[in-house]
Each structure stands twice: as structure tokens, then as C-alpha cells.
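Chain nomenclature is as follows: A, B, C and D, assigned in order of appearance, with residue numbering initiated at 1 for each chain independently.
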Amino acid sequence: MNDVVLEVEHLVKRYGDGPVVVDDVSFRVRRGRTTALVGESGAGKSTIGGIVTGLQTATSGRVAVCGEDRTRVARSARERRRRGAQLQLVPQDPATTLDRSQRIGDALAEAVALGGTPRTDRLPRVEELATQVGLGPTHLELTPRSLSGGQRQRVAIARALATSPEVIVLDEAVSALDVSVQAQVLNVLNALQRDLGTAYLFITHDLAVVRQVAHDVVVLRHGRVVEHGAVEQVLGDPQDDYTRLLLDSTPRPGWRPVALV
Amino acid sequence: MTALLQVDDLTLDLGDTPILRGVSLAVRPGEALGIVGESGSGKSMTLRTVARLLPDSARTGGAVRVGDRDVLGLRGRELREHRRGLGMVFQDPRSAINPVHTVGAFLVERARDAGQDTAAAREQALTVLRRMGMTDPERRMRQHPFELSGGLLQRVMIASVLMERPRLLLADEPTTALDVTTQADVLALTDELRREMGAALVLVTHDLDLASAVCDRIAVMYGGRVLETAPAATLRDDAVHPYTRALLASRPPLDQRLTEIPVAPGSPVPAAQTGPGCPFVDRCPVALPICGSALPEERLVGASRVRCHRVEEVA
Amino acid sequence: MTVLPFTAARRLTRSRTRRTGLGVSGWAAVVVLVLVAAAAVLAPLIAPYDPNTGDLLHPYATPSADHWLGTDGTGRDVFSRLVYGARTSLLGPAAVVLAALLLGVPLALVSAWRGGRTRIVLGSVLDVMFAIPGLLLAILAVAMFGPGLGAAVIALAIAYLPYVARLATTAAEGERRLPYVQALSVQGHGALRVNVRHVLRNLSPVLVGQASVAFAYALIDLASLSFLGLAVQAPQADWGVLASDKDALLKGHPLGVASASVLIVVTVLSLFVLGSRVSGEDRR
Amino acid sequence: MRRFLLRRLLGAVVTLLIASIVVYLCVYLSPGSPEQVLFGSRPPSPEVQAQVREYLGLDQSPVLRYLTWLGHVLSGDLGTSLITQQPVSSRIADPALVTLSLVAYAAVLIVLLGVGSGLLAALRPGPVDAGVTTLTSVATAVPAFVAAGVLISVFAVQLGWFPAYGQGDGVVGWWHGLTLPAVALAILASGLVSRVTRASARQELASEHVETARMRGISGGRLLRSHVLHNAAPSVVTVIGLQVAGLVAGAVVVEQAFGLNGLGGLLISSVQQKDFPVVQAIALVVVGAFVLLNLLADLVVMALDPRARVVAR
């Protein structure tokens, strides 16, 4: 049981008197494995991401990371840092995922410093991180403006890795990238998982991407889980009509679009 | 048959920035052509040049003909008539449809402006909206754009274009902003209507599989140039140009997990960052020195028209 | 009293912080402002006469080598009065803007960061303040503290606070929503660090630009108050006081009023140009 | 819609209430008292003073005095001037008429000059745009008192076309006397309105929905009216509302410069005399005008933009 790094139980989110956007969602992410949250807009997947990362609060339900309950907001600086060392976030939009006026090296050093690394030992660690995501020392001198979208997402991944977290939440982290660049970043993510054993909570709308990274899949619709299981099972032999519809709607070689009637 | 749209050796510069270099394309009446490329490839600007929706700083060379009109030289009334014969669908209907008027006012605006029967236009619009899969279109017509979802609004946009029965439909990533299930629905319905009407289509998209699904032929663009044009089926199974192959390979497959997705290093470049040769040269696994200095003319290889020095070896 | 066009600026600003330099007009503005500021600092060295003692025998002297811009109705040297006038004319607005920024920006950051109820309460307070014109406040302040620059500055600082805070709040809210801020929070950085090291730093071009614009309006407003006799008092040199010499105008000696007016307009215009250049508002 | 109006009117009442408290506090805390002003340098016997104080209600506690005043206002009675013993309403009637006509005149000029020149600049790129933009940029830097100086010097002293002081009799006299002040008051705001008009019209011209209209072959006139002007109008209306609302207080500078007896001058003298009811009444007019004009602008924006109607809901 202790290989579960992220546990979400009966999560519910409702904004005021509005509709329930997350409705009794439960799933787990195991050490060194990837769980994908997949669904269309309004499925509640990003809200779940927000709650798991502590950026939003749940209406009810429980979130535990490495066995520690996260339902309430971190109070002390120490608690914040410990949580940061457990779970990290890579956001979607490469244009705004980094502070535009901060050099890449400084951004990474700032993240490394959180782990209490002494000033003198930071640079080697920063360079190591850059190498891990396929960037060179020259990139460290640049500001985000001089980097391509793919390079920026690599920096965001390196920044997330800086605290050596058990689990990284990737919120549509490759969705805004060109196909060839997306493939590069997916390769980097898979290689990192093999080397470091980091677990991913991968939020995406793209089933093809899910197939490449995930071990487990949670299919969401209107805030509810419609299907949940191993990736081969869910994508290979979907049990739910909606999962099947999603699959049928995803373009692939030889695909034809079908009207919903 | 003579081409409805003929683009010959088109170049485009915005100020000092090169955008397109020697783009040639042809679309026959009723035919669907997909233009596929990654960001910076120039695919959208090619479409905009055909519609003459270019900023003031644009300078063009070469020729674009639609029917018997030379599009690049058109002005005033003639330009308006040219545009009226086209139907253009943008990626984001929320910014493409004026937010302050009702959907109904938007749909009948053209008839009203031309002094035609607005009641007839309204009926026409309702018919097309229903065909586009919209339930209760009467109510939708009374609503404002912000009250409709992106999927519904794009149906409105497409209906507004199709109800005018254009000869040539131009679509710039029309379904990219939509959810996949909505995308499939909108694509299927639009495709059906278009074929019925016999309108030609130029579809700009980043998704090769999607383009293959609804287009007869596909042009692959990179760095402001067309590198390969081929029938959709040919491109899927027997792509020739190394870039097309790299693009096909890097699309993650849905049916199996790869340890490593085969992918060319680096990222796509816009025309401004390319030299005189092939724009793909820096990322190409089979590049020769000559590839950096000159891009060859189009050559017919099988059913594909390809611009590559290595066609013989690769094919 | 002018109403600052912050709301308009906010609607139209696509706050890009691409720094492509100030451009010709921007540098011209900088030169003007440096000259005016230097005149204020070095007034005793530059002004040829005492600004407050006049030669009563030579009222309204025409420009000459002795008196470059002539003399006023009591024979005081107009040029010297303009140079000394730069001191009060610049110091007042500087104090107003500084006070409004020091209060308004932290309020904005807190409001944007906390959101929810904090934002609603602060917003409502600012809305009420917004509706009470600076001039009304200034007149009341003069009643309480007596006429003078101090009262006017306090009143205007309070009147400018809602403008500065509203603009800064909008900008900070925009920044706060950006994913990098969320990533930094998740990473374990404290709110203070994220706000000061990242949010504030990225807002600074917009804030500096708007401070420059607010400075210009404060200059106009304070000069207007001096014109009304409510801020800087008559014998003391100030551009607003100099520009209010209606006697000279009616007697057909417009030079003193004209030169003070031109100085005000040129300074204000330079501040506007600099403001829009720094915040990147006019580049699209 | 009705809920929005109610909420906004409630907000206006609260704002006025708070403003009146602030004004009262300021007047109360400032040194000196009304009877000292009345008596001047030769105070009468203490008995007489006490009688006067009782007559004016000054013997009551400050809180009670404020509440009494508030009660009267709520029943439609603005009170009596402490200094002249006139009803406040008749004391401020004439000055209010002067100020409000001045502001109305200036508002007309702002709309005509600002919107007109802004559209001209937006629709005629090149030299026309450059010329208009330069002119309006300078206009935004010209304070009303500077403009007043120039206008008096040129049109009153040099050319003698308009009076430099006061306003004449009859409609023509009014118009004659108010023209220069109104122009002086309108210049800066016109510049701002012009710039905002230009910028928002340009933004709409470059927008995608205008491209759509172009693609559909919509004729120039309709394109301009229905897609550019209609969509640019909300920002312009908002700015005009703010600017004109600010003029009600700002008019004092121009009134002083041209010797007009408006609200501003009365406010200054009443504050100095500690004539509390008059100060309060003027403050209410000024703040009320600000709130109402902005509400009016918001209503126009809501009529123009359906999205604003939803936000208001």
C-alpha cells in the first residue's frame, strides 16, 4: 500500500450554489507510475488538478500525498516546503509557464534553493536538471522569450524536478505544443520516470498522448468518473459508451469523423 | 479540368519578415485540399492571402487566381465580389462573430446588407443550422454569441458561410478549439453539406490524420514552403519527403505504447529562420550539403509531388 | 480637476513588456524632464534674481538681457520665478504619487492575492473614495489645515489612491492568474516572495508608466489648486501661481503667464509620453 | 436589470452618505466655528452668543447636529445657510445652474470634438491621423486654467469677441459668456476622449469579427456602423461618463478664471465660513452628479453590449 504517492477519495467541488463540477471522484497514483485524467472541457479534470496542487480547496473529500492529508491549506513555511518536496506542477501554456523576466538559470536555482541546497552547490544541481530535460548550459543564460515552446516546457519540467518530488501534476503540459515537439517532451517525461521513479498525474484531453504515458486512466465526464482502469484495458476494450465515443472521435490514420446524430 | 484556385510561386513578406516562399497549389472545383503544417509553416497565411486578409505591411509576389480573377491585384468593389464568392471559417468563432449582435442578426446580415429578403435568409439559415446538428435553432437565433458554447458557435459560423453556397470554402483550423467529440461531429456534418453543395475546400490544420479524413489531397508545408503534395491515402501510406515522414512518425499512436516516439530533433522554424535551401535541412536525418543551398523544383514521385534532393534514395 | 483616464488605459492596454527602448519621443521626454528636474534642484545657481523681491519701478518690463522673460506686475524677474517655481511644482506631485503608490500597490497585491471577500471589501471602499472628487477633498483639507501645499498634497494623495490601487489591482490580478505564479506557489514559495520577487517585478513597467501619468495629473491638479489660491500661496513662486496672473493678461502682458503655461504643458506632455513608452502601452 | 439598477442606486446612496459624513467630519474638525465667522472681530455679549448658538442649533452635540441635518435632507429639506439664513436650496440654485450649464456645454463640446477627431484619426491613417493624434496628445496636457489664459488673452483681450468676465443676460448673453469657459473646460477631456475613440476604433477595425464582415462582403457603411462604431462605443461612453462627471467639480477652476459665480466658488467661501449646510449640499450635488453620470454611462454601455448586461445581472 505504501507505494501510493497520491490518493484522492470522494472528491467533490462545487462553486457556491452553482453546479457540482467534481462529483465524487476517487483515484490513486502509484510510485513511478502515471495516472491520466482524461476528458473534454467541463469534465472537471483541471479542477481536480487545482485541488490536488492546493491551489483550490475541495468542497468535500480527501487528498493525501505520500500519506499526508492535504485537505487544509499549508500554514507554515516549513509545511509549504515539505509539500513542495512531495508534489510539483507543470502548467499548460508554454508562454506563461515561466516568469518572463527571470533567466532560466535563476528560475531553476530558485527552485533548487527551496530544498535547502547551499548556495555553492546550486549551480551543479541546476546544470544537472537542465541536462536531464535535454537543455544545455547556454540555455541557462536566456530569458523565456528566447526559448521555443518546447524548451520552455522542458524548463518547467526541470523546475518541477528541482525539489525531487514524488509526484508531478502535468496539467495539459504538452497540449499546446507542435506534434514533433510534443513527441520530444513525451519522450523526456517517460525517460525521466524510468530514471527517477517520479509519478505523474497527467491531465489531458488527448487519448493518443494518454496511450504513450499512462499506466492507469480515469475517464471523466461532467465531473464524474465514467471509467477507470489500466490503460490497455480502457483504451483497448472500453466498457463505457462515452469512452468509446472519445476513442472514435480521436483522429488517427484512416480515421473518419462520424456525426453524433 | 481547370483549377478553381491556382496559386503559383507565391511569396509573402510582412514588412521585412519573409512568411511564404514559392508556394504553389491548385484546387479543382468541388475538391478538398488540406494544408498541413506546424506553427510557423505559413499555412494560415497562405489561406489569408487567398482571401486577401493581409495586414497593410504585406508584400506579395507570384500569382493567386480564383476562377478567372487575379486575386492579388483586386481592389474595392472587385475585391468585395471576390470575397463574397468565398466562405471563410476561422479557428475561434468567439472572436470571429461580432459579440454585440444576436446570432440571428449575424446570420441574416448579408441578406439585409444586400437588400434581399431577410425572411428567406432566415429560413435558409434555420435549415442549415438544423443540418449542422443544432437543436432548437429558433431559440439560438435570438441569443447572443456569448450564450452559446464554442461548438455551437462554430456551427453558426459554418452555417453562415454555407448558406451562401460559396464555390470555395476556406477553413483555418476550424475545429482545433473544439472538444474531440464535437470536432468529429462538426467535421462530419460540414463535410456532408459541402459535398452536397459541390463547394471546394481548403482546410488548414496541424493534424494530418484529420486532414486525411476529409480531404482529397494534402499539401505539407514547412518554413513557408510546400514540401510535398499528394492524395490523402498516398500521403498516409507512402509519404516521400523526410519531413512528412517525420511528422507522421511523431504523432503518438493510439493503439500501442512506444518506448520512444521517433522524432526529429529541434523545433519547427518559420520562413524567416531558413536559408536558401530546404527549410528542414537542420533536422533532416538524410540531408546532403546541397540541401542547405538549394530547394529543388517539384518532382512527381508516384502520386506525390515532392521538393527534395533525396527523393530517389528515400522513395 | 481632471479625472484620470486609468479606466480607459486599462481597457486599451495590452500590457506588453517588450523593451525595445524609448524611441525618439521617449528620449525627448526624458531630456525635458531631466532639464526641468535640474532646474528645480539647482534653482539658486541658475536663477539670476531672487524670485520674491521685485523692482517696483519696473513692472512689466519687456524681455531683455537683464530679464530674459521680462518682469511681472511688481517688477520680479519672471525667469527666476519660473526656475524656483519648478521646485514646488514638481515636489508636490512627487509626494502625491509616492504616497498613492506606497499605499495603493500593497493594497492591490493583497487584494489580488487574497481575492474573494478581501477583494470585494477593498474594492467597495475604493469605489466610494473614487466618487469623492479630489477637489472637494482639497477644499476641505484647506479648511482643516489652512491653505498651503501640505493640505493639498494630502487631499490629492487620498484622491489618487483609488485610481492607483484600481489600476494596480487589475494588473496584479492579471499577473496572479498566470500559470507561473501558480507553479511557484505549488513549489513551496511563500506569498511574500512570489509577490515581491515575481509579481511586483513584472508589474513594474506598468506601474512606473502609470506613476508617470499620475505624476502629470497631480501636477495639473496641484497647479490648478495653486491657481485657485488653495495650495501654494501667491507671493511664492509656483507655475500654477504664475499662470494665474490674470491681471497681467488683462493688461496685455501675457508673457509670464504664457511661459508658465508652456512649461506646464511641456512637462505634462513629456510625462505622458514617457509613461506610455515605459509601460509599452503605445506599442502594438 | 431592475435588480442591477436597485443595487447601483443603493450603492449611490451609501456613497452619498459616506461622503456626507466625511464632509461633516472635515468641517467639524477644522478650526473656528460659524458664529465666530458671523460675529467677526467684535463678539457680542455671552448671552447673545448663547442665543445665537441655540438658534443655529450649535449647542447640540455634533452627532445630533449631523443626524438632524440628515433627517431634514431625507425629508427633502437641505436646511438653512448659517451665514445668510437663506434656504440652502435657493442659495445654491443660481450657482448650480451656472455650473451645470457650463458642464453641459462642455460635455457637448467633448463629445463632438473628442469623438469626431478620434474617428477621423482612426479612419484616415497617415498624415491626417498623425496630425490629429499630435494635436489631441497636446490637448491632453493642457489644464483648464492654461486654456483659460490663452482664450482670455486671444479672444477676449486681443480680439474682443467674447467677454473675459461673467456672463450676460438672456440666452444669447449666457451662451456668449459661457463659450470660452466651456471650451477651456473641454480641451483636456476632448483630447482624452479622442485618443480613446481612436484606439478602440482601431482595435475593432483590426478585430477578427470585422475580418469576418469583410469576408462576407458587407458594405462599408454597415461595416463601420454595425461592427466598428457599435463595438468601440462602450469604452468611449465609459470615458466620457468619467470625464464629464469629473467636470462638475473641476468647473471651479474655469469659473474662477472667468469670474463666473458657480458652485465651486460658493463651496470655497462656504467652507471658509463654516457654513455647514451649504457645504454639505454642494458636496451632495458634486458626488451625486459623479455617481449618476457614471451610472448613466454604464446603462448606455449595457444597452450597447449584451455581455455587460449579463455581468450586471
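Operating definition for what follows: contacts are C-beta pairs under 8 Å (C-beta built on N, C-alpha and C of every residue); 3 or more make two chains touch, one makes a residue touch a chain.
Because the structure is predicted, anything quoted here is derived from the model rather than measured.
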For chain D, the least number of touch steps when starting out from chain A: 2
Nearest-to-centre chain - CA centroid comparison: C
Farthest-lying chain, centroid of Cα atoms versus that of chain A: D
Inter-chain centre distance, chain A versus chain C - centres from mean C-alpha coordinates, in Å: 47
Centre-to-centre distance between chain C and chain B (centres being mean Cα positions), rounded to whole Å: 52
Between chain D and chain C, distance of the C-alpha-averaged centres to the nearest whole Å: 21
Whole-Å separation of chain centres (CA-atom averages), chain A against chain B: 32
Chain B: positions in contact with at least two other chains: none
Chain contact graph, described as a line, ring, star, complete graph or other shape: ring
Which chain pairs touch, all of them: A-B, A-C, B-D, C-D
Chain A - residues contacting chain B, complex: 40-41, 148-151, 178-184, 186-187, 190-191, 205, 207-209, 211-212, 231, 235-236, 245-260
Contact footprint of chain D on chain B as seen in their complex: 51, 53, 56, 80-81, 83-84, 86-88, 90, 92, 95-101, 109-110, 113, 144, 146, 157, 160, 164
In the complex with chain A, residue positions of chain C that touch it: 17-18, 178-180, 182-190, 198, 201-202
Footprint of chain B on chain D - complex, ascending: 125, 207-209, 211-219, 222, 226-227, 230-231, 304-307, 310
Residues of chain B that touch chain A when the two form their complex: 38-39, 133, 179-185, 187-189, 191-192, 206-207, 209-210, 212-214, 236, 246-247, 250-265, 267-268
